[in-house]
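As structure tokens, here come the structures.
First subunit A sits with subunit B, and in the next complex the same chain sits with subunit C.
The block that comes next holds the complex of A and B.
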């Protein structure tokens, strides 16, 4: 049995030498080190900015720590969690958030899919239309909130001015209980419908043409083709978009802060806005941490259930 | 974001536990000042006095300290408390002087965020030059009794800008003489609104951000003989919502609100000024320090010159009813406990310089509202704006809110409650009872373990 012939050499033109096994191991180790070196910065950043704060917040959630009062805070175990879960104030914000999430996501899904469907049927100007529709999504929510606040102002806003020129009554967009929440949903829909549209458009574009051709040969109606080809194939992708939007809507803060400050009264205060108040008005850091952890848990549980449904859908 | 923020404040908090027992003391004598270039940073909210202060201080203070530059950093009004106290919580501030609202002092002192200036004031400031209540309101903790100053109490700040509400009325629509009582004012507004379609009778703060709606209710509450609380017994429930308090809420929601513009339920300083400047309100209420822009022809439809505008606009002290109380506004200067020593020394030097009689008069002429009695009564101040006489006349009538560590939560409860009543989200009496109950719960739960803040 002869020694293994090396296939490579460090220097071209030089006679290849036998590579000892030990050196091979060291080279593999070196690769691993290199990999670790590449991953380490991102990993450290993730640990520092996400994992450590999460664990620290988890620890604080069991204490009565206050950021302004200082000190380490004493352990109160599950008292913060019990207080959050049994608080009528929290229940009220949960209902507001639920109405908002359902309203905004349903509206965005219907509109986003409709726009994507219409765009997908066009052959000319598709790129331009898509780009134009995407503009709202590229703006900062704070900027969006500010200019909608100006536009929806009952006295000085352009929307009421236009309604007035049409002979219609002025609407109190931001200062009436139900209308304020509807305005939030409307502004969020204006900004985030393009996100659903984009994903739906990707799904629609990926539907194989031959299925439609086969359906045409069978003289299937437009509605039949939509119901039996388009929708089933786009549906899983659309559900992922809905998931992202639902998570985003669940933690809505910026639009509320800018547009209504949670008003009138507390009628548009979402859970995130309430956490902010608990955390930074009274600096009840322990309670706010428990509140935040519970919100994360709700999102994780609902997402898991949703993903299971999605996987089941794919398997079927 | 919240988690990262909580971690940052929590981690930094652990290092300085010992420093949190009480506010550190400022030296009685100003330490030696640096000869190197130094930037003295303030933090305030965005409004005209902030720009006026930076301009004035850089022009005048540089004459005595050429190496010093004054920077007034501003944040939106709604972020003002958070911008200061999140930095205090991190035990590191990018400002040397915090311009605190009078009601913020309790929170800052209790947490050891600002310097105790008592010894410094004794040695460097002529306290007799001030109206005692103004000096107390912008610096004293525990809070002074309305109209008085406790000379044995510690001082943590010095006045920067005095302020109160002025009644702004349309002389061309309701006559030259301002209404003298609250009832007369409502009647005049009602008549004006009826006689002039498109012009609303009243404009005032109703927003649920900052302290907007709360100050409005507190003002009416004071005028109708109500009290915000029993400070000694720490009692709000049964005091705020007593008969006088309920009458005040009824007047505000059922008599005043119907005279305001549709959709004005989120108005604050700027919106009220805009309504006046565009000729859309017969009578309005606003802070004096924010009223300067009303005389600017570029911002107004009431006239092409200041004189023409003043021919239509009048400024008066608030009407009386059962009492003559008016809200105390304005802010004091407070030295950050976390500012570098050289900057703290510069801050103390600035405050000593700023509180001198001649500087206060110059500040008055530059658009500021002084607190020294001699400056308030000076021609420089009284002639600087048509509303300055209103301030001078209002000083003995002022009443402040609660200056306690729980202020931010108390004012939020009141703001949201009054805003809900003004916008029809709650019945007025229910809103007031809820405010009193929730505020009482905040005061009662100050030592509670766990679940605080909900």
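The block that comes next holds the complex of A and C.
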């Protein structure tokens, strides 16, 4: 048995067992060590960079610590939490976030699924079409946000220019309260419809052909086939995609930051953006931490839901 | 989204695809044409912003701001692309430095995430561990934390240890941010390699580790490469950590640098467009290379075909 294992220089547990007496037992033991040695570094990094910061935020959320004032801040128990939960400002942002998440995810799902359905019915050029449709999804939110900001500009934006040449009225896309939120939803939909499309397409192509053939022998109508074969088979996968998008939309920060900076007024301020303002512009680190922890709780609930469906999908 | 419907007509007439004749039931040919037309319109709407970005990046400034917008009759210039890389006063531009920083940060963090992720993924795939499922779900759920929330304590932590505004700070957070994805994705690839290969090798006298290195690892290379490409794209595109954890021009990566272009009173949209194109091009090329793994990639390794 040569011990040439250059991959791991710092592993002491490897010299043992040149003569294997109770072979099964010793191998199981070294398997265990190997597993620990292989997994520990990854878990340690995650603990240091994800769990520890969250625990720190949890601690800070019970204090009135401020990042600029210095000092360690004094313990205020649940004051930050009651302040956040009873704040009318926060309620407003929660409503904005809800409208945004529901609006964007519903639009993306309907559009994404429709495109996937149309593509799945084609026999030629499917690869090319799919690739083209996927481009927006791969772009950075920075690029997407900047570029739509340019296109939606009220004076020289190309969108208004086109509306003008069609003889339609100009729209203040990003500078009117309600319109700005709608624009945000529209841009997010533009970017993430391909995501739903991609996953729906994966589901649609996995539907066995013989089911359709059997249905057409029975002279089942198109709608009947869609409702009883396509939808039930694609739905579990689609649900995963929808939940995934919902979590992502709930966390969203960069697009808001670039496209509208929360404005006009506070009409496009989502919860994420508000946390940022409280933390980095108001410097109420304690309050922002409590706010953040509450958001994390929501994300954990959503993630649990997501993972549960994922688990169910994997078991089938 | 009726924005660019008028573009659909001149841009691409319905292509010459022959609709499949074997469709049973339904409206047959007419319906097929309708579907193709609908797809074409949707494709044009989805792609128009990208085309407009490319077009803007090669327009003279006065054409960029032209009202009504100029679609075809504009002066072509490569000045904006020059400005991306070369400073007007000579020497390197701030943007090109930011691009190099992005290459460094995204590259190193991807390598680190792969080095940490591959062994962990293999161990999770091969060994019976206590609460394995819970561990894996915990790992994935760290990826779903809102970045704006995580960045508050990370910021304070980095301030304590002097990692604010350093490439190392960004590399560490990006590695942690890509690790869950890397583990899930590669575990899927390891699961596809039969464990019997390793068992057979061990009967031949190899240790477990050697069996992994000599027999399983070579089979994983394409999967690892695809995973690394996704990690590279995620770090390359990342914005939230970058903007809060770095500030100086020497350290800043490309996304905050490009976003910084619109900070002033006048915005040079031609330059924004050119730098966006330069920034997005490698992503699109890489994404095309890993197109077969896109479903797994964009769902963080959770959904596989």
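Throughout what follows, the second predicted complex is superposed on the first by the 273 of 316 C-alpha atoms of A that agree within 3 Å, B and C clash if a C-alpha of one lies under 4 Å from a C-alpha of the other, contacts with A are read in each partner's own complex, and residues count from 1 in each chain.
By definition in this document, a residue touches a chain if its C-beta (ideal position, glycine included) is under 8 Å from a C-beta of that chain, and two chains touch if they have at least 3 such contacts.
Everything numeric here is computed off the predicted structure, so don't read it as measured data.
Look at A:57: by the touch rule set out above, it reaches both subunit B and subunit C. In the superposed pair of complexes, A:69 makes contact with subunit B only, with no contact to subunit C. Once the two complexes are laid over each other on the shared chain, residue contacts for A:247 go to subunit C alone; subunit B is not touched. Set against each other, subunit B and subunit C touch different numbers of residues in subunit A, with C touching more. Contacts of A:202 after superposition on the shared chain: subunit C is touched, whereas subunit B is not. In the superposition on chain A, contact of A:288 is made with both subunit B and subunit C. Looking at the shared chain after the overlay, A:155 reaches both subunit B and subunit C.
By the touch criterion stated above, A:309 is placed in contact with neither subunit B nor subunit C.
Contacts of A:138 after superposition: subunit C is touched, whereas subunit B is not reached. In the superposed model, A:123 lies in contact with subunit C only, and not with subunit B. Contacts of subunit A with subunit B, set against its contacts with subunit C after fitting on chain A, overlap at residues 49, 52-54, 56-57, 60, 67, 155-156, 257, 275-276, 279-280, 285, 288-289, 292.
Subunit C makes touch with subunit A in their complex at residues 1, 3-4, 6-7, 15, 17-18, 20, 24-26, 35-36, 38-39, 42-43, 46-47, 49-50, 52-53, 56, 64-69, 116-117, 119-120, 122-124, 126-127, 129, 133, 135, 137, 139-142, 144-150, 152-157, 172-173, 175-177, 179-180, 183, 202, 205, 207-210, 213, 233, 236-237, 239-240, 243-244, 255-256, 258-259, 261-262, 269, 272-273, 276, 279-280, 283-284, 287-288, 291, 294-295, 298-299, 302-303, 305. The part of subunit A that touches subunit C in the complex is made up of residues 1, 5, 7-8, 14, 27, 30-32, 34-35, 37-39, 41-43, 45-46, 48-54, 56-57, 60, 67, 111, 115, 118-119, 121-125, 129, 131-143, 145-151, 155-156, 158-159, 161-162, 164-166, 186, 189-190, 193-195, 198-199, 202, 206, 216, 219, 221-222, 237, 240-241, 244, 247, 250-251, 253-254, 257-258, 272-273, 275-276, 279-280, 285, 288-289, 292-293, 295-296, 299-300, 302-303, 306-307, 310-311, 313. For subunit B in complex with subunit A, the touching residues are 2-7, 9-11, 13-14, 16-17, 19-20, 78, 81-82, 85-86, 88-89, 91, 107, 110-113, 207-209, 261-266, 271, 274-275, 280, 406, 408-409, 412, 416-417, 419-426, 431, 442, 449-454. Here subunit A touches subunit B in the complex through residues 49, 52-54, 56-57, 60, 64-72, 74, 76, 79-80, 82-84, 87, 89-90, 153-156, 160, 170-177, 257, 260-267, 275-289, 292, going by the rule given at the top.
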